[in-house]
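You will see subunit A twice below: alongside subunit B first, and alongside subunit C after that.
== the complex of A and B ==
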């Protein structure tokens, strides 16, 4: 086993390969920080560079781009409330309030360290127990995947305990929006009103960018007093520095870091789940189990650590089914598989046994990338942080234009820009009326996965609803879901009884 | 406003409930049908919306309608926020017709002015520079095809793309 790890490091530490990894990390962080350039898009953009490389080096290079892009997404999420990648959306919950308080550098530091640790945990898990993990993942059929996505939804009850009804309505609105377009099983048009654009459904990224970024600019517009660019503290502060948290600071988040890294790895392995679900789920679990749960959302490091450790760990997890079984766990993994197929590599269960160099190089790449990434991302984040010193009369409109590019770049469709604008205005209404934008996004993200897996499970069970929920893994997860959903509702009554 | 929003959403959800049922074929013994999932969501949403309406009426029985009456529509429509919303929409609407570059420049100028920037030359130069920077970065370096617009604006975009290819 250790031979595998040492071999991996030997492959990636060869000077030419190391330079390529460095370049891949640089490209990845920049692409990840660009709104609208998702992690899979970053890998796709880097694919042409990999054509001239040897297959083992090519996969290591693409892995470095993938890992770094997920981390890069956190930079703009913290600084401008624009999630660079969908998986960085939960980073905005605590990262942005910290940046608003003038602690942008500290928030970025936590984000980078958590990303690195999450990524490394996943890399070790992948290298050491890849076949076993893949075997477990294979036991996850539609009913188990439905249960996992439902677990993600049960998070709704703890996203905002201030007004549970409104949070649940927001989440259901997101789920309802996810049903727009073609039905995933029968291909029947739903809620399209004859509009062909709506057939492909409501895109998640424009809605998310609108809800987070455009809403924020509108909020600042409505404020009588705007952000002072020359303030000593605050987002406009010129004293914004990217500093790594001390060992003591990191140690304080150890439980969150461990939970999120393990959860991210496990979710990453599940086909179709991925980094976005991992980060939302991890944040929600922290809301349930953390000692600082009541402070989450106000701008504390634990919130950033939960989201960033999980989404980076999911990148390692998604490589497990690819290398062990030849099944890509997500879009980025599918692009990497394409690169290997182009090179004539036969991807499948025998790959790891007959050519262990691939597993070694992916491990080595993830290990080194996660270290190099901290340095590279710190340099890039410093440049980005400087932008915060620009007066808001310039920065605000630029954020809207970046959001517009992000929405447009997805499908080269100006309709998505309209969607983003609409989402921005709805987001502002949500803020004013006390609804929860994050819950809406969560519903939109998980909606299709939930529906398609539930209906597939129903068909496979020949219409026997009971047999779906009595499968051991499904039953355990569903019981956890019900507990998570019901507990916040009965919590006040339990407290009353205790007091009495 | 909350009450109005909840009522509107409830009515719309009820309409969608019947709409999706009418548009989808009946379920079979092993297939739940296209309407099952959306209907389940809509029923839950309607129930929660009604609970929300009842709750807000109970909490603030007298004030619920008073607050609605007190909402100052004229002030809202004259306010910066409304103008900001309109600008964002105009930007999105104009993009397919006049293309990315003109729309970006005009939006940066207009929104900058809305946010209180009165140093016009500085605003003009910043808007121009940022438009150029964003165009070169996304269209040039990242090869993301930005909106070209139509007619003369398309010609202009094609000319700029020609410069970038060098």
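== the complex of A and C ==
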């Protein structure tokens, strides 16, 4: 086991390889920070470079791009409320309020350290207990995956306890939007009204950019005081510098860090889930179990840690089924597999056994990238933070323009830009009327996973509902879901009873 | 005051986004009529995009990417693959036809979306809107099961299904696609197909014993078959496969099961694409497919089992024949 770690470091610390990893980290962070370029797209964009490399080096390079891009997404999420990758959306919940208070540097610091720790935990898990983790992943069939996505949805009841009904309505609206497009099982068009953009479903990224970035610009411009205040004391004027939290500060978030890193790793290995679902789920669970749950969403470091540790841990997780079974755990892993197949290497358990260099290089790359990435991201964040000094009257329209480009870049499709603009306006109405955009995104993200897995489980069990929900893993997860859903609603009554 | 100006500018940008979108959509229509380089020798001047209607890492995607790499060398311009997965390929086909037909967007396609149209799963006119250009490869489908499955071949499978009706289901990548047709043609109503949207999840569900069978391509599961986590029950081909490890796998042809569907993957173009671009693409594609890199890859992927390359005329004939077959077999009564 020790050999594997040493061997991995030997491979990636060779000067030429290290330079490549550094370059990979650099482009990864930048691609990740761009709205509309998701982590898997960043890997795909880096693919042509990898073709010229030796297979062992190529996979190390692609892994570094992948890990770094997930981290890069957090930078714009904190500074501008634009999640650079979908998996950074929950980072905005606490990161952006902190940035608004003038604590952008601190927020970035927490985000980078949490990313690095989450990534490291997953890297070690992948290197040391890959076969065992893969065996766990295989226990998750359609019914279990349905339960996992339902667990994510159950958090709807506590995203905003003051406004339960409106939050639930927002979440259900998200679920409804997830049904638009081709039916995942039968391929029949639903709610498309003949529109070609809608046929492929409501894309998550444009909706997210619209709801978060565009809504924020509309909100800022209609609140004049904030703009003036910003110029005086906001992050714009005070030179934003990433401040790495002290060891003591990190230690205070230790339980969140541990829970999120482990959860992220496990969700990462499940085929069909990924970094986005990991970070939402992690944030959702923190909202339930954290001691500071009532402060989550107001701008506390724990919220950033929950999201960023989990989404980076998912990167390591997604490599587990690839290396131990030959099944890519996510889109980015699938692209890496393609790259190796084209080079004539068949990724799978036999490869890892006969040529342990591959596992070593993936591990070594993750190890080094997670360290190098903190430094690189600090440099890049500094450049991005300079943009904040621009007056909001100019910055606002620029953000809207960037949002439009991001939405367009996704599929080179103008329909997505319209979707983004529509989502921005709906998001503004949500803010005014007290509905919850985060709940809507949650419904949209988990909706299809929830639906298709439930229907798959239903068909596989010949319509026997009892046998679906009595599978041990499914049953346990579903019981905790129901507890989570019902408890906040009956809590007030229980307290009243006690008083009476 | 600043606030008002900013608000106006912001709204103006949003309106422009809307207006901009509207414009592109409407101006795309008359473009094909006024193609300038119709008669002259066509020269590709910028990036060519190949839309792949299936996700990253699958057989279709790998084919598209290997072909793109080889084609790039022939044409001297970048050839990029853009994955637009969903709805058994219809989403990607639909997307490709919504792009300007200027000779810079092509589509990788298989008969699956065509079948979706014939069965009525989609209203989209696949047959009418895209045209075959060149066939690249003709893959075969195989039927796999977990190593723990209580059957090892077709005969044992059928005995097991007779004894335990309804207990075995087959995972397919899209119920309206060719995989579903394989199951339908081979087993009728004895084995039901269950649709998956991600190949990774399907493979994991087979190994994890959540679904009894799966219709897959040999390349996608090569690692799992090699490691012994999966076993091959049969191949949906006329003759036994000649790849190593498949010596004892029965072919549909020898056990009297008439189900030979396999993804024939090729390049398509949308209506209105300039004639010059089509001719130039066909010539370059022939060289790309014949190139050493592409052929070597085809061999490792087991794509040398059936002849792959077809030129525009032959491919058109095969595509029309497929359409007639599908209408006869699955057409809405």
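Keep this in mind: the second predicted complex is superposed on the first by the 489 of 500 C-alpha atoms of A that agree within 3 Å, B and C clash if a C-alpha of one lies under 4 Å from a C-alpha of the other, contacts with A are read in each partner's own complex, and residues count from 1 in each chain.
Operating definition for what follows: a residue touches a chain if its C-beta (ideal position, glycine included) is under 8 Å from a C-beta of that chain, and two chains touch if they have at least 3 such contacts.
Just so you know, these numbers come straight off a predicted model, no measurement behind them.
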Worksheet item: Once the shared chain is lined up, is A:490 touching subunit B (first), subunit C (second), both, or neither of them?
Response: neither
Discussion item. Quick check on the superposed pair: does A:405 touch subunit B, subunit C, both, or neither? Answer first, second, both or neither.
Written reply: first
Discussion item. A:217 in the overlay: touching subunit B, subunit C, both, or neither? Say first, second, both or neither.
Written reply: both
Discussion item. Applying the document's definition of touch, where does A:454 land relative to subunit B and subunit C: first, second, both, or neither?
Written reply: first
Worksheet item: In the superposed arrangement, which partner chain does A:190 touch: subunit B (first), subunit C (second), both, or neither?
Response: first
Worksheet item: Should A:429 be classified as contacting the first partner (subunit B), the second (subunit C), both, or neither?
Response: first
Worksheet item: If you stack the two complexes on chain A, which partner ends up touching A:421: first (subunit B), second (subunit C), both, or neither?
Response: both
Item to complete: Go through the superposed model and pick first if A:172 touches only subunit B, second if only subunit C, both, or neither.
Response: first
Practice prompt. Could you tell me if A:396 is touching subunit B, subunit C, both of them or neither one (first, second, both, neither)?
Written response: both
Worksheet item: What residues on subunit A does subunit C touch that subunit B touches too?
Response: 183, 185-186, 188-189, 214, 217-218, 221-222, 392-393, 396-397, 400-401, 404, 412, 414, 417-418, 420-421, 424-425, 459, 462
Discussion item. Going by the contact rule set out above, which residues of subunit A touch subunit B in the complex?
Written reply: 31, 34, 36-37, 45, 165-166, 168-169, 172-173, 175-176, 179, 183, 185-186, 188-191, 214, 217-218, 220-222, 226, 391-394, 396-398, 400-402, 404-405, 408-409, 412, 414, 417-418, 420-421, 424-425, 428-429, 432-434, 451, 454-455, 458-459, 462-463
Worksheet entry | subunit C residues within the subunit A interface of the complex | 2-3, 5-7, 9-10, 13-14, 17-18, 20-21, 24-25, 49, 55-58, 61-62, 65-66, 69, 82, 84, 86-88, 90-91, 94-95, 98-99, 116, 121-124, 166, 169, 174-176, 192, 194-198, 200-201, 203-205, 207-208, 210-211, 219, 221-224, 226-227, 229, 296-297, 300-301
Discussion item. Help me check something: in the complex, which residues belonging to subunit B touch subunit A?
Written reply: 1-2, 5, 9, 13, 16, 19-20, 23-25, 29-38, 41-42, 44-45, 48-49, 51-52, 55, 79-81, 84-85, 88-89, 91-93, 95-96, 100, 104, 107-108, 110-112, 114-117, 123, 126, 130, 134, 138, 142-147
Discussion item. Under the stated contact criterion, what part of subunit A meets subunit C in this complex?
Written reply: 40, 44, 51, 137-142, 145, 181-189, 196, 199-201, 214, 217-218, 221-224, 227, 271-272, 321, 325-331, 333-335, 337-338, 341-342, 344, 346-351, 392-393, 396-397, 400-401, 404, 411-415, 417-418, 420-421, 424-425, 452, 456, 459-460, 462
